[in-house]
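What follows is a set of structures for review.
Here come two complexes built around subunit A, the first alongside subunit B, the second alongside subunit C.
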Partner chain A sequence: MITYLYAVGRDLERVPDVGSGGVGGGALRLVGEAGLQAVVSDVDREAFEDLDAHREDLAWLASVARAHHGVVEAVGRAHAVAPLALATVYLDDDRVRAVLRESHEAFTAVLDRVDGRDEWGVKAYVRPGAARAAAGERPSSGAAYLRARRDALRAGDAAVADAEREAEAVDAAVSALAVESRRHPPQDRSLTGRTEQMVLNGAYLVDRSAAAEVRALVEERSRTGSIDLELTGPWAPYSFAGGAA
Partner chain B sequence: MTVEHRPTSLFGDREVALVDLLDRLLAGGVVLTGDVTISLAGIDLVRISLRALITSIGPAEPPLEVPSERMVE
Partner chain C sequence: MNEPVRWTGSMPPTQGRQGGQGGQGGQAARAPGGTDLADILERVLDKGIVIAGDIQINLLDIELLTIKLRLVVASVDKAKEMGIDWWERDPTLSSGRGELEEENERLRERVAALEQAQVRRPARRRTKTERTPEPEEER
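Right after this comes the complex of A and B.
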């Protein structure tokens, strides 16, 4: 067995209450060192050594991600939490203690940055029908068909460009309420389950006191604007714990 | 259009779309060099089969529409 590291905090007194345990149902433990506590569990070494077998296995990836998220969320409910990147594993608890010592400053910096704040996600999509304006009469010939198709593609491009511009403005407005912001790549249509293109996939680190403002802003922009917006959160500050520790 | 809001913590993580979660987990978190050198970062989710995705997201999510060839994009 090896040690899977989920998250680090600095005022954790007990193991977070996660009914289903950690990855693979493993029992959670705290490993403390230098004023920091790591939340860990034992995992099967082989699964994490032979990762190539799992990289493309979504069921495996999903189960690890859900377990990881469950632990991070449970810690984050009551404490500042520095989530680790998915699948960070060490040979034993002593190695984890060494990492807490070596990276003490980096963890402290992350915990300072995220304390009292949550991550929110804002996604924007081209609104359904925005690109359909150019639908004309039934083409009478091959050339007319090609022309119509070209026009339709151009109208589609214009609709996407308009939506992207509007999404930039939404991103700027939400960023103004946030302490930090970050853009994830827009998700592919095959993953969102929507036919319309995603034009913004933003993450925002927001003071808890400003969360209502963010929500109101997104609601207002969604009502008055011409793109569809989706707000997710509050998330543990995954997108703002990055950078090598 | 009202804004769609998906809570991520109120009812456990059942409500969290896997794709949103993986966005964060594959591109975020404190990056340390583990003892077992592996990298899950940069996995192209699109390449993983749609069928697997549908199965793992489960019935709480809206049905997945596979985009057919589009005249208008």
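Right after this comes the complex of A and C.
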């Protein structure tokens, strides 16, 4: 067995309450060192040792991702939490203690930054139909078809450009309410499962006291604007933990 | 702390917050099943503190991985009884699942494109043991 590290906190007194446990149903434990606590569980060494073989076992990987997320969220509900990236594993608890010692400053900096704050996600999409407005009735000839097609593409481009401009404004407005913000790459259509193009994929670190304002702002922009907005959260502050920046 | 929320602009959740007690009014429910898996993966795979573990983890391109996972999840959620590899079997087994098939077709196309791109461009991250742990860089 090896030690899977989910998250680090500094005022954790007991393991988070996660009904289903950690990865593979393993029991969660706290490993404390230097005023920090790591939330860990034992996992099968084989499974993680050769992820090249395992990474195509997608159902397994999805379950690991959900378990990881479940633990991080549970910790974050009541405490400042520094989430680790998926599948950070150590040979034993002593190695985890060493990491807590060695990276004490970095963990503390993250915990300071996220304390009392949550991550919120705002996505913006081109509104359905915005690009299709130009598509008229059935073309009478091949040339007419090509013309209509060209017009539709142009209208589509213009709709996307308009949506991007509006999304910039939404991002700026939400950022103004947030302590920090990050722009993630817009997700591909095949990922969102929506036919409309995503034009904003923002993450915002928001004081808990300002969360209602963010919600109200996104609702208001959504009602009055001409792009579709999606708000998700509160998330543990994954995007603000100084990960793969 | 706030109730988890996921809503889209076409369904303003205004009423949802007034009832308290998880009163999402049916308009702002967290997306069911695997719909939010893409969001979760985007965060747990690519964000969070990246620090060298003792065992090298070398995951696929994240977008590629996420789409592949979505294929599995869509299938698990909607066609559990057929097993997670149902789409690879005789297509007659999956008749009558037009919408899902269409989505999966789209996903498979995207996977193929990404895999081709990967041949030209080597895996881009998460070779953990080869990376200086970020916290140490900050010292």
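Worth a mention:
The criterion applied here is as follows: the second predicted complex is superposed on the first by the 236 of 245 C-alpha atoms of A that agree within 3 Å, B and C clash if a C-alpha of one lies under 4 Å from a C-alpha of the other, contacts with A are read in each partner's own complex, and residues count from 1 in each chain.
Keep this in mind: contacts are C-beta pairs under 8 Å (C-beta built on N, C-alpha and C of every residue); 3 or more make two chains touch, one makes a residue touch a chain.
The shown structure was predicted, so the numbers you read here are calculated from the model rather than taken from an experiment.
Of the two partner chains placed around the shared chain by superposition, subunit C is the only one that A:105 touches, whereas subunit B remains out of contact. Using the contact criterion defined above for the overlaid structures, shared-chain residue A:208 touches subunit C, although it does not reach subunit B. After overlaying the two complexes on the shared chain, residue contacts for A:190 are found with subunit B and with subunit C alike. Contacts of A:16 after superposition on the shared chain: neither subunit B nor subunit C is touched. Residues 2, 5, 8, 48-49, 51, 55, 58-59, 61-62, 65-66, 68-69, 77, 82-91, 95, 99, 103, 106-107, 110, 121, 184, 187-193, 215, 218-219, 222-223, 228-235, 238-239, 241-244 of subunit A touch subunit B in one complex and subunit C in the other. The touching residues of subunit A, counted against subunit B in their complex, run 2, 5, 8, 45, 48-49, 51, 55-59, 61-62, 65-66, 68-70, 73, 77, 82-91, 95, 99, 103, 106-107, 110, 119, 121, 127, 131-132, 134-135, 149, 152-153, 155-157, 160, 184, 187-195, 197, 201, 203, 215, 218-219, 222-223, 228-235, 238-245. Touching subunit C in their complex are the following residues of subunit A: 2, 5, 8, 48-49, 51-52, 55, 58-59, 61-62, 65-66, 68-69, 72, 77, 82-91, 95, 99, 102-103, 105-107, 109-110, 118, 121, 184, 187-193, 208, 211-212, 215, 218-219, 221-223, 225, 227-235, 238-239, 241-244. On subunit B, the positions that touch subunit A within their shared complex are 1-6, 8-9, 12-13, 16-32, 34-36, 38-41, 43, 45-50, 52-53, 55-56, 61-67, 70-73.
Every residue of subunit C that touches subunit A in the complex is listed here, in rising order: 1-2, 4-10, 12-14, 17, 34-51, 53-55, 57-60, 63, 65-73, 76, 84, 103, 106-107, 109-110, 125-126, 128, 133-136, 138-139.
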